[in-house]
Amino acid sequence: MSTALLCTRGLAKVYRSDPVAVEAVRGVDIEVGTGEFVAIMGPSGSGKSTLLHMLGGLEPATRGEIWLRGRRVDQLSTAAWAILRRRHVGFVFQFFNLLSNMTVADNVELPALLAGATPRQARRRREELLGELGLADQAGTAPARLSGGEQQRVALARALANEPSLLLADEPTGNLDSTNARDVLRLLQRTHERGQAMVLVTHDARVASRADRVLHLFDGMVADDAPVLRLPRPVNGVRDVVELHG
Amino acid sequence: MRLHLLALLAKEPAHGYELKLALEQTFGEAYPSPNIGQIYVTLKRLEQDGLVRSEDVEQTTRPNKRVYELTPAGRETLRAWVDEPSDGPRIRDEFFTKLVLAPLAGLADRMELINSQRRHYLGIMRNLTGLTPSSTPAGLLIEGAILHLQADLDWLERCQEELV
Amino acid sequence: MRGTLRWARADLRARRGQALVTVVVVAGVVAALVLATMLLEGAINPWRGLFARTHGADLVVYFSYGTDTGKLSKLPGVRAVDGPFQAAPATLEQGPVKSPVQLTAMGQIPPEMSTPLVVAGTWLRRSAPHGVVVEASFAAAVHVRVGDEISVQSVDAGAVRMTVIGIADTADQGFYPQWTPGLIWVLPPVLSAVEPATGEREYVVGLRLADAAPVAAGLAVQEIYNAYDGPSENSVVQRFSTAQQVENSMASDDRLLGLLLALFGIIALCAAPCAIANVTAGRVLMHRQDIAMLKALGFTPGQVIRMLLAEQTALGVAGALCGVALARVVTSPEFIRPPDGTPVGLAPLPGSWVTLIAAGTVLTVAVATVIPAWWAGLVSPVAAVQASPPRGHLSLIARLGLLVHLPAPLVLGVRDSLTRRLPALLTVFGVAIPMAMITIALTCWSTIDGFARHPGRIGLAAALTVSGPASASVLARDPQVLATYPGAAFDTLLPGDNGTFTALAAGTSARPYPFHVADGRLYGAPDEAVAGQGFLDLMHLSVGDLTGVTVDGVYVDVRIVGRIVYPDNNGDVLAFGLDALQVAGNPQPPQFYEVVLRPGVPTSAAVVTLLRMPHDQLDVQRVPDPADGLGIVRVVIAVSVVILAVIGLASLLTATAIGLRDHQHETGVLAAIGLTPRQVMATLVVNTTILTALGVGAGLAAGIVAAPRLINRQGQSSGLGAGIASAPSPLMVAAIAVVALLVATTAAVGLARRTLRRSDQVARLHSPARPALKRTAH
């Protein structure tokens, strides 16, 4: 067991619907250090989302170990996982990230309240987050009225409300057009720069390229696990780009 | 064509006509039908560069055929070519060539090739996304490059699915 | 905790409509229960209501005239004293019929304790010096109405004519004729006119005790006797009556009433949890994604369950409070009065009962929420991302339907509605159960109708019982009389001495009384008899058995040839011809004649005519019609039907909302296929209406099948006998079905329109259709 923030050994997930058993994830070993940004890529059906869900305790693992902050968590009950998630895991999904019956402000405050903050503390944190995201004047709006990009940003704010040890995101830009995707990407980068550990599932190379490390999943197993190369920067900026394809 | 011939010879020595057949078989329609004359010319140049050597083999009923084989220098050139990452769509063909031929040559594992290429693309992508365009045309150019890269990466995944 | 509160608050605010539905359902149920209990109580035990309303006295004591009643207030245990009032015995003369009465003198201002409750006319007033107020049960028994002139005579003096200016209820004495004498309130001068001799008068005093329990009341009486020199022949204390005695006397024995009302209690208690569970389950279904998201955020399953339970229970409490208020409002003016004039004081229930009903309903809400809440606890947090697509089980039928050129909306609508089993089941049940209950309610209504129109069905062919000398000849001459059956009744001990039954000689074997025979036939010979269900149960006999009973000293041997429906006495009756007794060796003259009037002759007219005949001492009694008291039940039925309709509507709206929400995403797809907007709406409407139609049909069918069985079983167990139920007319059933379907369709159209509008907005934004389920790795 290393000193990494998150560590898995031989993690596997098998779905059984008799008589068929489907192995979505087959023996994955990964490590995520504090403040590290890891991107998980892979073709659809490779088990990325399932792996992410297991890391956040949304789905129980069939086999293997998961260690979070030095503590073994793969055998925790649903309730214990839920309590763990409050303080240590923030989750951003691809769709349906926000509670439809609450305003934006309530959505962002809820995790803080859940973790035991007072309403005042929760409100202060919410104002802080929404302000940073440029969504302060949407605080009283219902989620259904926001655009996709706005919803994802609010979702990010919600996920970061409790300053979790680990942020997990499943295709956070998957649903967005390039402008909105860029905005969200910038946000993610800023969050990373602040020292947030993040694991993102994405097929968007732009997002993956900003990570510290990229994991490539194929057929339920890790096919590649390498840091993103820091190639010599193009000295002449755009002209080098032209030259690259010249 | 030089590298194609080198790669084919890495597997086993062959004479010109065999090489022509092998090229056709390996790449099918993706490669324009090779002209035997061009092949001989290229082989001669390769020999002049010291990358291949030839040997006459006596045949009983036909004229002698010249069999070519790879020299150590040739093998070295080939290795260097395989190991070096390739760039851009124009060079996709090159990567594709590598992907198809290298395993035959016993030079590399397909999965490793793909992984290596992907890492390279991601590195380029990192640089591209780090650029701040000074004007709209420049921004568009960068965006175009990014989209191409994304497409290349997606294509890499497809290759992985089909060939590995 | 705070997180829970925040979510609950936001949820209630956002889903006001659904919360309102829950509150309305609970309020309706609570109101119905309170109402039904009040009515039941009032019908079966009218005393309590009367007592509360009239501020009745715990103890009524009669003293000899002139006693000093001042001592009474000083006695320990006596809280208040009212009186003394003068009273005198007299006789009411109506032709040959004489009824004993007691006249009590009161002033223009009614007393504060035991205030007579005027139900017709007015109280005594000095402007009408000969005006009197008659007690209600007495007035009904002697057929006296406001405006009638009556003649009252005391032992000594002559008759005094007086006018009835009012009719009132009191809790001081029981109903006439179980309790005699009848009571008439008069002004003091009238009393003096009737009974000038003060020696014949009495003092009546009403007392309120500190402790009204029977034991304490007995002690109080003892003390009164002691205060006035002990009980003896010459005591000034003449007699007394306690509130307990009055209550016992007033308590009705009406089984039919009790059973039908009990049936409704059961209905309400069954319909309520079903409706509430349906509404709650519907909410859980609709919010699966939200619940999944909550879990992803960090709500434990236990928290989710508790949250839902707390939310629903809070709504339940709100609903219960509304229901209690509603019941109070609905019953405060005294608009419920059964047609036969029997006093029914509709007193508000004691606070403890109301609390019990409200608490019980809230508990039912909580229990009904448990299963949907537990189910919500099981919702996987991953449901937020992956939702299972509908499974097309009916594609074959759909293809066939399209093949025969059925309209596309119809086919698509049907296919869609039946592919999601659980919501479909919820919808069907949620509508079927109230429908079934409504059908049962209507069957009860038509059963009561059956009694009213054909009293013979409940064993009451005869309207009057006439007794007295010369009855036969009088009746023979009366053109209103269709037939008479001589009869005699004997209270007989059961073999083994453990109870009594009524041995009824009715008619003769040659001409038996036309009982309503449910099984077998009437007796046709002296050794045959028919029996009520109660008797058969008591003796463990059935039709065809032999039995022997000792009636009035003689042993009568009979074979039971039939089972009759008999309303009185729990059906503990054995009936045979009068000649059977003769054969057994104890010929009896008829004690009375059961009189069947010609059809169309109103009973009261016949009574009046008979009473005017020039003869003496003819006693005419109306046969009490159990169906009379059922006027209350009709009201209860009507109220229950309304409440059930509300509950059904609530379930229907929830079901429609579920269905429409599910299909919100598919409207875009439908439009893309090529359906016009009107067709898209038609698809949505068909989709939801199909299920509600199924529910309506299932409910109706279940109700039609179950109701007669239920009623007959209840009748059987109460000794009344099975065979009393009559089904509602097909026309009524069809009307109900049509109304229900119309309501369902209207609701569906209304909600569909709103959904389509909303889904346009949503489509514009971005919300994608559900992502496909990717569980397979390959």
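Chains: A, B and C, in written order; residue numbering restarts at 1 for each.
What we mean here is this: a contact is a pair of C-beta atoms (placed from the backbone, for glycine too) under 8 Å apart; a residue touches a chain by one contact, two chains touch by 3 or more.
Keep in mind that what you see is a predicted model, and the values were worked out from it rather than measured.
> Classify the chain contact graph as line, ring, star, complete or other.
Basically the chains just string along in a line.
> Greatest Cα-centroid separation from chain C: which chain?
B
> Can you compute the centre-to-centre distance for chain A and chain C, using the mean CA position of each chain? Integer Å is fine.
About 63 Å, centre to centre.
> What's the distance between the Cα centroids of chain A and chain B, rounded to whole Å?
38
> Could you tell me the distance, in whole angstrom, between the mean C-alpha positions of chain B and chain C?
Computed from C-alpha means, the inter-chain centre distance equals 94 Å.
> For chain C, jot down the residues that touch at least 2 other chains.
As it turns out, chain C has no residue touching two or more other chains.
> When you check chain A against every other chain, which residues touch at least two of them?
As it turns out, chain A has no residue touching two or more other chains.
> In the complex of these two chains, what residues of chain A are touching chain C?
It comes out as residues 15, 22-24, 44-47, 49, 53, 56, 58-59, 78-79, 82-86, 91, 93-103, 106, 109-111, 113-119, 122, 142, 144-148, 158, 170, 175, 219-220.
> Where on chain C is chain A touching in the complex?
Result: residues 2-3, 6-7, 10-11, 13-15, 287, 289-290, 293-303, 380-382, 384-385, 761-762, 765-768, 771, 774-778 of chain C touch chain A.
> Spell out the residues on chain B that touch chain A in their complex, using ranges where they run on.
Spelled out, the residues of chain B in touch with chain A are 87-90, 111, 115, 118-131, 133-134, 138, 141-143, 145-146, 148-150, 153-154, 157-158, 160-161, 164.
> Which of the residues in chain A come into contact with chain B in the complex?
Residues 42-43, 178, 185, 203-206, 208-210, 214, 216, 218, 223-224, 226, 228-231, 233-234, 237-238, 241-242, 244-245.
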